[in-house]
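The following blocks contain the structures, represented as structure tokens.
Below are two complexes that have chain A in common, paired first with chain B and then with chain C.
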Partner chain A sequence: MVDPLILILGIIVASLAVSMALSSSPITSALSLVGLMVALGAIYGVIGAHFVAALQVLVYAGAIMVLFIFSIMLLNMNESVPEVDFRNAKTWLTGALAGGAFYALFQGFKHFESFEGRPSVGEFTLERIKELGGNLEAVSGLLFSKYFFQFEVVSLLILVAIMAALTLAKRKVD
Partner chain B sequence: MSTPLFLHALSAFLFCMGLFVMMNRRNTILLLMGIELMLNGVNLSFVTFSRELGQLDGQLQLFFIITIAAAESAVGLSILVSVFRNFGSASTDRLKNLKG
Partner chain C sequence: MESIDLFSSLWAYLQSYDFIALLLKLIFILIIGPGLVPIMVWLERRGSAMIQGRMGPNRVGPLGLLQALADVLKFFAKEPFVPGTANKFYYNLAPIIAAVAPLAAFAAIPFGGTVLFDGYETNLQLSNLNIGILAALAFAGLEVYPIMLAGWASNNKYAVLGALRGASQMISYEIAMGLALIAMFLIYGTVDMNQMVAWQGESLFGILPRWGLFVNPLAAMIFLIGIFAETNRMPFDLPEGDAELVAGYHVEYGSTKFAMFFFAEYVAMSMAAALFVTLFLGGYGLLPGMEALAQYLAQVFQLEALGLHNLKTFLGVGSFLMKLCFMLFFYIWVRWTVPRFRFDQLMNLGWRILLPIGLVNLVFTAIAIYFIGSSL
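Let's turn to the complex of A and B:
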């Protein structure tokens, strides 16, 4: 049985995704996406991934989506964009493609439930994480030992992204 | 249906919704939001697998994905700003300078 709290949050996430995909105004889409990310953060919290839940709300809903809304408002892009046209054959074709992809992914996940090559449950069960002092301690312990090199590489990537964004968005000097 | 399977189905749904947005919408900012939606679907799958299989590597992977998504949207939005400045619109129909 699905946990009722997760079921409710999942329904909220799915309906916000539909409202994001079909709305005609960019700001409605962006706000639906903010709500979706907060609800996803709640799901992460419920299934015990607390560090990731905090990151999801802080970075995704707080930083990335605010950047989106900021640029929509900065560019005054609030004129409505063409809606999804359901009389067009192309919409139905792409919808069928996306639906087919969903069906294939779902069958794959369903197959994984009873897959004999499925890996056995690893070291970090709920009890082990509790022993280590919680999700945040366990995750940061791994982050600064096994994944330290990747952590440093990602910081370099952010530096490059800042320079790229500055170069792209600055006005040309005459 | 078990809880992990429900979460996997939700992640597949989010990914396919992002795919649908990418294939259908004509506005650059909506395309970027479609990419974010697809990334969120993949993230949910990572966390569910990590929880289901008792390994924390999935959650660490998500840490890196979120960082890269932030960098990607910063660069993407600055490209959007210069597109808007040059063409006066964010519609992808205007972007056909390279079309023969």
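Let's turn to the complex of A and C:
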């Protein structure tokens, strides 16, 4: 039995995703994505992953999407993009392909769940997290011990990305 | 059958202390959040008058106290006007988000210790999550959307300019504020606001309370400047800079919708002040001298350990409110003392001064903690 709250939030997430993909105005698309991030954060909160929920809202809705909307506003992208043409066979073909891919993915998950009797729940159950002292402690404990090297490599990658962006945006000095 | 079970369990829940405590806390949040707004508006008018040597509003009610009520009546009686060129949906959505986001952030801030009653113990905090302050910050981070939405949907160049200014200054100052916060997380060793308050409850060198403000004044300064920029208050109220932009992002708003922006601005101010109080001013920790007061009152009324605990919690809520009111007065004090910055000065301050100071402060804090530990 699915928690009714998760079901409602799931419907909200799905409809916002549809609105994001089908909307003809860029700002509606971007704002749908913001709403989607917040609703996704709410789902994480309901299942007890408070840290992920807060980060989802803080990072995606609070920072990244602000920049999206900022650039849409700054460039004044008011002209609407062409709407999705439902009479075109290509649209339906793409939709069917994407739907089939998702169906295969879900079947794969189902298969994996029963794969060699492996439990679908990982090491970090709600009890284990409570034992560690909370979500934040569990995540940071892993991040600074087991995945420390990977964590540092990722931060280096981000630094490289910043430098690349700076180089691209830099004005040429005559 | 199942539905009867559901109803009876719901009924049992409604009668439990859990529900009553939740309801009381909700009411308290609604009092210190939105309830402070009319008092703040009054204080702002009378305070500015006091600073500038004027009288201020003094006709409506004693000392002009009912002026805020008259303003609200005026807002609600006006015609709700939507400009013809505006994007109606987003135009109406913006003030709603503006009013909701800071209130949601309030839910995560503790305003008192624990209350013991009939074997039941509850935290004076609406939602006690173990991510603590991150929840408040997540909701506070959404405050930038109403400004951008209002500016964009109004379809007015002054509104768009105000919105762009608002969004860029909020993003810029969030970074310096985040660095100040990380330094404080290192010192407290937690993001749980109750534990932060407990940490600040000790005394420093035997004379000062061990508040974040005295332990790391640089972080406190950066955070304080940051909240002025985040709440668009003077001297950083450039999104509404009336000399250049008429009224900035809400120039096209009138009647109830303007009132909602106005209300949201003040709730956001009290929310930011409550965060500052919790992080740097000892939160609901007792003010110096209140411990003795509690002991004295306990002797006078012959309270037991339980009664003393609850009395201390009550005085803690009082301390929190006093600190909060001081911060709110501080906003007004600064507003009518410091003139507005220019926009390039604002950006310079945020990126070239506060950000490097914040980074250096973070590194020094980390080194200091490595060498002297948290034995401060």
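Points to keep in mind about this one:
Just so it is clear, the second predicted complex is superposed on the first by the 159 of 174 C-alpha atoms of A that agree within 3 Å, B and C clash if a C-alpha of one lies under 4 Å from a C-alpha of the other, contacts with A are read in each partner's own complex, and residues count from 1 in each chain.
Note that in this section a contact is a pair of C-beta atoms (placed from the backbone, for glycine too) under 8 Å apart; a residue touches a chain by one contact, two chains touch by 3 or more.
Everything numeric here is computed off the predicted structure, so don't read it as measured data.
In the model built by aligning both structures on chain A, chain B fits alongside chain C without clashing. Legend: residue contacts after superposition of the two complexes on their common chain; A:A63 is shown touching both chain B and chain C. Touch criterion met: A:L136 reaches chain C, while chain B stays clear of it. Contacts of A:A54 after superposition: chain C is touched, whereas chain B is not reached. Contact with neither chain B nor chain C is seen for A:A39 once the two complexes are overlaid on the shared chain. Once the two complexes are laid over each other on the shared chain, residue contacts for A:I6 go to chain B alone; chain C is not touched.
Comparing chain C and chain B on the residues of chain A they touch gives the larger count to B. The superposed arrangement places chain B and chain C with a least CA-CA distance of 15 Å. In the superposition on the C-alpha atoms of chain A, the part of chain A touched by chain B in one complex and by chain C in the other spans residues 51, 55, 63, 67, 74, 135. Only residues 90, 129-131, 134-135, 137-139, 141-142, 144-145, 148-149, 151-152, 160, 163-164, 167-168, 171, 174, 191 of chain C touch chain A when the two sit together in their complex. On the chain A side of its complex with chain B, the touching residues are 1-3, 6-7, 10, 13-14, 17-18, 20-21, 26, 29-30, 33, 36-37, 40, 43-44, 47-49, 51-52, 55-56, 59-60, 63-65, 67-68, 71-72, 74-75, 77, 81-82, 84, 90-91, 94-95, 97-99, 101-102, 105-106, 109-110, 112-113, 119, 121-125, 128-129, 135, 138-139, 142-143, 147, 150, 154, 157-158, 160-162, 164-166, 168-169. Note for the complex: chain A touches chain C at residues 27, 31, 34, 38, 41, 50-51, 53-55, 57-58, 61-63, 66-67, 69-70, 73-74, 133-136. Only residues 1-10, 12-17, 19-21, 23-27, 29-30, 32-34, 36-37, 40, 43-44, 47-48, 50-51, 53-57, 59-60, 62-64, 66-75, 77-82, 84, 90-91 of chain B touch chain A when the two sit together in their complex.
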